[in-house]
């Protein structure tokens, strides 16, 4: 068995009786072996399942389109996928929709991303080192920044760096310039690795649920600017960082990962910021690993991590 | 739907293709709805599954014996459960064995336990308060101690306290006396809530995988006596506690739960012991909650928590 | 040397050059040995010092009033303490004021407290067990509640329980009734161990910096009611608890201690509340230990823990 | 006041009455202002103090040699430093010895270090990024490795890389070759950033208390090789990492910093290793920050962090 014989199936839709049975039945009849299966039903009745399986018969015995057809048509009360659903292929992921359920088969492991930064290097440095040693589960296609401070770091790793200053531009003009650059790369995800400007809804709508931000506080505490200054003034004993999807409410998208660190009264706001950087970069990396391994579903304002 | 319509099925045996499919199929045909399903396949190929489901049709439509028969007979290549397996009932848990797989259906939620202590009150106090407010998922039938120090505390809660001194007795005589007392209560689990004497294999064999101990260190660091003294002398920066099943190797049974706490050079061994008590009692309580909710499988020297 | 030969000196005032030198000089000339000394100067220039020392010559050689006089008069530029400062004694603590500096010598170790609760038992149970085994550094004089639910628990420990219902009373009438009861006990501190009613400024002003509350969230996240419901809906990955002094802004007094616990999407708001209780009771106990051992200074809205 | 007006004084020696008084008195008479003072007396009676102070009068009014003379001569019962003690200067740190007490004044902030690695990049990458942005409090003079795998990474940062293979050499020959290379750089500290070979006592003795190692377990658990494999087989629920000074007992020098991370039964040994790397690199960085800021004293096998 080779590594290419491992597959991932993602399901997301309204819950109904027998879903696990029907899906695992299709896999069983195709002689596929489930390695790991994890599912979750939300209190509001939405069903999420992530199934890792392997085809022991070898690559040529596995027909992903046929499998997806059968999955889509096997859900009780459904018509054939050809009539009402759709089966397509994009980014090497086969997708089917049926009875409100989305099936995704073999989402590609390695994502294409663009990283956006401002002046701080700690998160970017973390991503670059991981990328250089193939630990990121993603290819960094380019780095975009509104300052040119981090260009020397990025150039060490042979990655295109686009310096797009916001000076002398309206917010819309600046975002337009960034979008034109992003269009070259067609990234699947944008990673805001301490990009310190608020994005407009117009921008965010280009990448729905595909922008990941690291916020330098334990959200929802200290939303907005200068969270470490706020934390110092409030005298907290623990600081944190939050990686989350970006939607159109500031610091309000689904939270993917959080972590914290103890501080005490001796920490100035600057000390907290220094300590916090270690938390930020690790939390961001952990969140990206979850997203890039197709383990994160979004359910309203909550992230389901399977 | 009432609370009595919720059921738990536990499976444990060698992995084979289609296990999830076959089991969920039986549940589907019985019109049962899976609320939560969690499974794990160990690297050595052992399959563990915990399934919570509900019978929406009402209590009278649910026949647990028939369900168990069908589960046992549905595993491919198996003979009928009557011939080779066994279906029994004990402690309100229905159990079937088939093809090396153990099925347990509806393990009772509330366990009967006896708590064993020596002189320290912190873990016992924690259990008593939880028990008094029905948060322990267990009934404390009695407390057994080799000292009478904690009798006043136990008597506040109206629980029998058995003072069985080890003085003037051989280890075997002492354990015999304890076993005679335990025989009165027939506990499903023994909880060693800071019982500070090593148990002999002869004693442990009376309660295989049914004795839970709290060890006052982050095992396997500081096995044996005076772990906080050892921790101080080693100058560690973190102390911990470990809840584990007791087998016949000192401090060596499967680990159920662990937690830690930061310390520094200013902590004396006594300070570490004081700080450690908070960790110990919470870790023990969390481990008991997992065990008493039938979420812990044992696989060799490892505990699988589903 | 006996235990009574240990002393604590607390200083709090504007920083100036030589403060440590002058104070340690007085102790040196009195033949007193510093065991531990900790100080902090805030960014705004306020000086805090906590000094533990011992008189090796025995109890009769130590004159605390003389020591305090000398401390007060030794600060450069000061007049004698008799003229401008004051040296008094209350609650077995000698206090002197000089040049804006407060000296407190030998604050008594064990505090007198009243605990206020509503319906939840976990924090109260924790305090009662600690008190029963003399681990609280305080005497619980009484428990006051607006419900009678916890009376049976309190009565196990032989402590007066005052059930003062808020029903049929205005907020002011209810607080008046509580204050009359508190007046009987003259507590040094009020501990709100899950007292679920907001106190008016009029009430709080009776106990300035002497009311300690446990809030069931990681403040300043989720201020106000139902923090676990808020946490669930926000989809946080970590929950926490905060022990703080109560001032007249809701959930806004100086933070003494905080701690956290990881959760995931499977935790309902109720699960988070259950998990959170373990954090709450330990954080409250740790905060009380700090306060009752005279290790907490208040500086604006921040708590300095030495 | 400029940044160069900040000074650090380190004291280490047998405790006696009045030490703080005498030292702060010298500083007071020199018109120096203590910003932060922290001291610790070990149970065995050893005194450690770290004092940060500033000379407000400007750089030219501060005579460090005179200050050190006065400090050394002011300890009661001491003779003049010239007769019995010694005052020297090395590495820009003034040092005096008196009555068994070591005084160190103005230890330089930035240390010269050499980093030793084998094949793993995560700790080295962390150090290089910090160094590139001047956050390491040290200059990396060179990287030495027994493999050439990490040369491309190091060369990105313009630092000499010395590939000294151990193949075909005895352990002593290999260490001799390394020592010859180190002699070129005269590093103050050697940082073993996942250097996977055991050093002989002969080697260690060249850098007493100046070699810092990161061990990939929560010491003293899992001493020696393959700690993550050991952790998996023991079924622990928490893994950790330990930064410590290297002495001549394997994995046994004074512990500087430790941290941990939760794992569960689903983590294979390889998963634990992957997760553990994030802990390792942060713990190593934090330990180095403490050491390079002269905050770590060694007391037997324990590290005192002030």
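When the chains are written out, they are named A, B, C and D in that same order, and each has its own residue count from 1.
Rule of thumb we're sticking to: a contact is a pair of C-beta atoms (placed from the backbone, for glycine too) under 8 Å apart; a residue touches a chain by one contact, two chains touch by 3 or more.
Just so we're clear, the structure is a prediction, and the values are computed from it rather than from any experiment.
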- Which number of steps is the smallest that gets you from subunit A over to subunit C via touching chains? 1
- Message: According to the touch definition, list the chains common to the neighbour sets of subunit A and subunit D.
- Response: B, C
- Item | Identity of the chain that, by mean CA position, is farthest from subunit B | D
- Query: Out of B-D and B-C, which chain pair has the most contact pairs?
  - Reply: B-D
- Distance from the mean Cα position of subunit B to that of subunit A, given in whole angstrom: 37
- Message: On a C-alpha centroid basis, what's the spacing between subunit B and subunit D, in Å?
- Response: 44
- Task: Determine the centre-to-centre distance between subunit B and subunit C, using the mean Cα coordinates as centres, and give it in whole Å.
- Result: 38
- Query: Can you list the residues of subunit D that touch 2 or more other chains?
  - Reply: none
- Message: Tell me the shape of the graph of touching chains, choosing from line, ring, star, complete and other.
- Response: complete
- Residue numbers on subunit B that touch subunit A, as the complex places them: 17-18, 20-21, 24-25, 27-28, 31, 33-39, 41, 262
- Once bound in the complex, which stretches of subunit B touch subunit C? 121-122, 125-126, 129, 132-133, 153, 156-157, 278, 282, 285-286
- Task: Write out the stretch or stretches of subunit A touching subunit C in their complex.
- Result: 40, 43, 218-222, 233-238, 240, 254-260, 264-266, 268, 299, 301-305
